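Questions regarding the structure given below will be posed in turn.
The chains carry the letters A, B, C and D, assigned in the order they are written, with residues numbered from 1 in each.
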Amino acid sequence: MGNTFGKIFRLTTFGESHGKAIGGIIDGCPAGLDIDFENIQKQLDRRKPGQSKITTQRKESDTVEFLSGIFEGVTTGTPIGFTIKNEDAKSKDYSHLKDTFRPSHADFTYQAKYGIRDYRGGGRSSARETANWVVAGAIAQQILNKIGVKITAYVSVVGSVKMNKCHKDMDLSQVDANVVRCPDTEIANKMISEIQKTQKEGATIGGEISAIATGVPAGWGEPVFDKLHADLGKEMLSINAVHGFKYGFGGVDIATSKGSEVNDVLLDESGKTKTNFSGGIQGGISNGNDIYCEVAFKPVATLMQKQNSIDADGNTVEIKGKGRHDACVVPRAVPIVESMMALTLADHYLRSKTNKI
Amino acid sequence: MGNTFGKIFRLTTFGESHGKAIGGIIDGCPAGLDIDFENIQKQLDRRKPGQSKITTQRKESDTVEFLSGIFEGVTTGTPIGFTIKNEDAKSKDYSHLKDTFRPSHADFTYQAKYGIRDYRGGGRSSARETANWVVAGAIAQQILNKIGVKITAYVSVVGSVKMNKCHKDMDLSQVDANVVRCPDTEIANKMISEIQKTQKEGATIGGEISAIATGVPAGWGEPVFDKLHADLGKEMLSINAVHGFKYGFGGVDIATSKGSEVNDVLLDESGKTKTNFSGGIQGGISNGNDIYCEVAFKPVATLMQKQNSIDADGNTVEIKGKGRHDACVVPRAVPIVESMMALTLADHYLRSKTNKI
Amino acid sequence: MGNTFGKIFRLTTFGESHGKAIGGIIDGCPAGLDIDFENIQKQLDRRKPGQSKITTQRKESDTVEFLSGIFEGVTTGTPIGFTIKNEDAKSKDYSHLKDTFRPSHADFTYQAKYGIRDYRGGGRSSARETANWVVAGAIAQQILNKIGVKITAYVSVVGSVKMNKCHKDMDLSQVDANVVRCPDTEIANKMISEIQKTQKEGATIGGEISAIATGVPAGWGEPVFDKLHADLGKEMLSINAVHGFKYGFGGVDIATSKGSEVNDVLLDESGKTKTNFSGGIQGGISNGNDIYCEVAFKPVATLMQKQNSIDADGNTVEIKGKGRHDACVVPRAVPIVESMMALTLADHYLRSKTNKI
Amino acid sequence: MGNTFGKIFRLTTFGESHGKAIGGIIDGCPAGLDIDFENIQKQLDRRKPGQSKITTQRKESDTVEFLSGIFEGVTTGTPIGFTIKNEDAKSKDYSHLKDTFRPSHADFTYQAKYGIRDYRGGGRSSARETANWVVAGAIAQQILNKIGVKITAYVSVVGSVKMNKCHKDMDLSQVDANVVRCPDTEIANKMISEIQKTQKEGATIGGEISAIATGVPAGWGEPVFDKLHADLGKEMLSINAVHGFKYGFGGVDIATSKGSEVNDVLLDESGKTKTNFSGGIQGGISNGNDIYCEVAFKPVATLMQKQNSIDADGNTVEIKGKGRHDACVVPRAVPIVESMMALTLADHYLRSKTNKI
């Protein structure tokens, strides 16, 4: 029972990679929001497989159907139910995994936890689930946009290719100008080469995504256990293949920095600071500056190479990925990171409404 | 309203740095646990100020008083209420902060959020709160010990001094053999020098703590939103001054690794793997191997040097720390990190009891 | 954001009376349960409109479609998503209500709360929602059946016709032997006459349902705020038209009873008591005897008679129900009451698994 | 783990009857509230034992000590921790109960649930816990008062003495004019006689309390599972000895009423209705009229008469109450009922702040 996210703006989801459909319920969405359906679909399209030469070729139209909570295009305050059909679920691709546990996958752990699993395509552990998050995240972004909050994420690391520029020194409107979603064209080209090289080897590599929210007012975050960065971190760590999270300190080596070098001096009573090493959060509460964090992805565990593993009886078996997978998931994860940031911020925005008498 | 932690084993806390007392309520602690009170006090003593030459000299006996939920030394299943008095709360040290917002502190954000704050010693944002966590964490560890789970944390980075050994290659029983809590004596001495040098400058530095849990069976963690590492990450990020979290991949540069290099090959049906790059967690569920994570601390923001800031009216003021502070909080944070790991694991242990019919 | 029920066995629902579909997500259902789909449909059929001469004639097949969480007929521990299509949603029946607030309906309150509402058929406030509860409740009952808990509800009052027998003195297997769902044939016939008379007048009447759970072991319920009867009461009060709840004291006038007359004397260490005035619950925890409660329904507010009301501008208007409604909802509410009892008990069963070390 | 109440305004409590202290934490109290401490103590005094000739003579000063969350008399938005010492805890009175389960008490059920219990004075199941609720309820009332909501409760039934007047036909300022807390002097005198007669017999009787909230605006309540009356009902049912709850329908026999007779006709766009059979709630949401409910108490189970019961080994034993108990708890329960109503309404007030964009 861990399939609900948020305290007031709450997303509960369901769905396996190769079941009939995935979907979710958004409870606590404020009434009166004019839904921009095109924008939701656009975010889904940025996430979906088969969108470019560097992604898996699984074909899904990823069309979301809304079943409730929206009347004549406007949210009614009642729960928003939605589903996304699984259209191209080639279950036969996975039948060989019925009795096999793939290395560094969740096959073994789901089996150990529940004593049963839907082994097709990873079942519930598949990243297909993240399409649900993008639907809800797009709605959360629409709420935030109305109060001037804008969220952008981009790829900052692919394998050994790392961009060292601060987000302030780039044109963030260029994130989608290339297939790898890095706003610096030169670095982007290097990243694309890195991915294509990896693809050819049947291998996989990791990377990092940076996410920024501008326009967040001071006062969001609920210490001591629901600090804004703690909730952000938890939600980012929920994304498949994410293994690390940090916030603030863009462009400095924090290990060798002294407090005096990374303290953010306040400039005026709006909370504006000279520097923003704190990533827009102090003591778990937004301080009015840009929220900034980095999310680290490990290489996907499914390989197109032979590997040893064991079957349910403990016998050693040799396996090789047969499905359709990305050599590097990071470019497709950009809208997912944006969605998780939007869900977290929308929830904390609503929570902040009750702070004062 | 963010002062509760956990779904079944739940900790709710209260308290300001200079109020009458801090304290908490543990709800959901199973009945029948023989409490080892000495062990709780020992963990508190490892956290408390004034314990060695490299820590702040604030004097607190940090004696916990239990008020309920324990009868004749045994937990009764009812909520465990406890308090810790604030004995050495020198409020006058902080009166100069009434109208001043310290750089990179939570003074401004609490004021912005609530329109009022207890400015003495940082009020609710003070790390004094973590004493509450250590009380509850010690009890959580006692529950876990009964089923063979053991938690150890140690300092792995102080400023520029970094230990590169894997936790398997060290004697973890030696963590408390030195004041910096690094089990490698040679590295420990370098860390101590680094801290003392920083102390003399009135400066502060950051560091990292590594945490390990052995004996965790396969099956803990509740995807998709309460994955074991996501909850671990959230709780670690709740600790004052923590700005980053990652799990797994001890000793490798994950950025330049390929999936094939960091996949953990299963050896038998117990879940044992040849390597443990996954840090004991697959798909958000423990896989029976050691849980392993790293927690990054930024340098404390309170400096014994002059800094510019603003007051409540927006005027520039010059401030200098007058309280008693650590140059590097990392050594004292070791029991806090252990506590947060214990709280997270105890909660997931209890949650896992309902997974199967 | 009040559309989730339960702490471990959790139901989240969505849907309006005349939207595309209603549905829900069950999170926390233990893995390994063989689902009896026929039984679920049977419970839905007992609730659905048009089933007999004394119910509304709206036609809905009320076929539930499961989308996830069940693999080859067995629950997998992952969330169970389901939908029920709205097939016979005659929206035109309700267009006259767009600008009118019906007396004693939720039209006005939803509008006041959200500033917008789906006015067709009452939207979210329609009792159509209860079909979702019956789906989840049937699954909850299947879990409970496996440990020997059996739930039965029956109609004990219709308007002025009241049955005074104790549930122990009746054959509860006869609940469905008549359309009014009262196991005493003589009283049942009087109830049917009462309803038919009311139907002819275009009027509505209320009634009561008694619910019994046998086989509940001692130890379920979580004081002090989640007492078993408090959660039962809350869930029963969630049912449309319910205005009262009590537990225990079957067949006595509690107002004039003394403590000595209604104390339940313990007979043996299993917890069996001589009498069961406590309704199987002491101090909010089950005591091993039958759980027993009564749920009171007010007359449905939709009348086939003319009534005065106001429109959105505050003008007085004359309205008359045009939809298809029951003169007495109580017979169809029997499976709903059973479902709410099952959901509450299943959740507390799972919660009780963590009470002891 | 059921010791937390509320979603935004949250109360978590601890404490046994004869432990060192009871207490609680209020999380989510908005910042900026000037606390009226005298008012809190006044409510505690209305609840405490020994206040009049018709109550138990246990002596407790019931002085609350606030430990956090209030700075210079004003709430800071951080959690409010408080304790109330147990001063007159005569533990020896209860030593005879160590191995005995009193009839219709929670002795047996706590033992069955947890395998251990603090048997002194009922431990956690004692009504002493309700002092915690009164502290938090008084603060909740102070929040509500600021927006014009006023809560009053009074005794409407004691044993066979029943007041049939509607609350609108009485002077509610007279509730405390007599020791039984019934605003009608004539009925009050009959109630007092009834209690004194019962006291002499060493017996106990039950009763009812009516509660009214005026000034609640339309729009509070969160369907479908957190309807305003469902949450009210749950909290009232949490009170020791409460076995029934209903809302609305003051002064009518709802069983024999028709929908046409109890429909509340809307008078204007403020939501004002001609009658208020709905008790101020439609579809689970307040409609702007007075909130009205009734809470039924069973006779207290502790008798000063001899009764049979069993001990922990299943042997029959004869017991007789030796502690200090009320013959009728209803008069002292008036501030408790007010508190539970206030806690429920304050939480829903805060929740309603997020309903619209």
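Criterion: a contact is a pair of C-beta atoms (placed from the backbone, for glycine too) under 8 Å apart; a residue touches a chain by one contact, two chains touch by 3 or more.
From a predicted model like this one, the values you see are computed outputs, not experimental measurements.
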*Farthest chain from subunit D, comparing Cα centres?*
A
*Higher-contact pair (C-beta pairs counted), B-C versus C-D*: C-D
*So, what's the distance in Å between the C-alpha centres of subunit D and subunit B?*
39
*Per the centroid of Cα atoms for each chain, what is the distance between subunit C and subunit D, given in Å?*
26
*Give, as an integer number of Å, the spacing between the C-alpha centres of subunit C and subunit B.*
46
*List, in ascending order, every residue of subunit A touching at least 2 other chains.*
1-4, 7-8, 13, 28, 31-32, 75, 77, 113-115, 124, 351, 354-356
_subunit D-facing residues of subunit B, complex_ = 1-4, 8-10, 12-16, 19-25, 27-28, 31-32, 65-69, 71, 74-81, 83, 110, 113-118, 123-124
*asked:* If we count contacts the way the header does, which residues on subunit D are in touch with subunit C in the complex?
replied: 1-5, 7, 13, 101, 103-106, 108-110, 112-115, 124-125, 129, 157, 159-160, 162, 198, 201, 203-208, 218-227, 229-231, 233-235, 237-238, 243-249, 254-260, 262-269, 271, 273, 277-279, 281-288, 296, 298-303, 305, 307-310, 312-314, 351-352, 354-356
*Can you list the subunit A residues touching subunit D in their complex?*
7-8, 28, 30-33, 75, 77, 143, 146, 350-351, 353-357
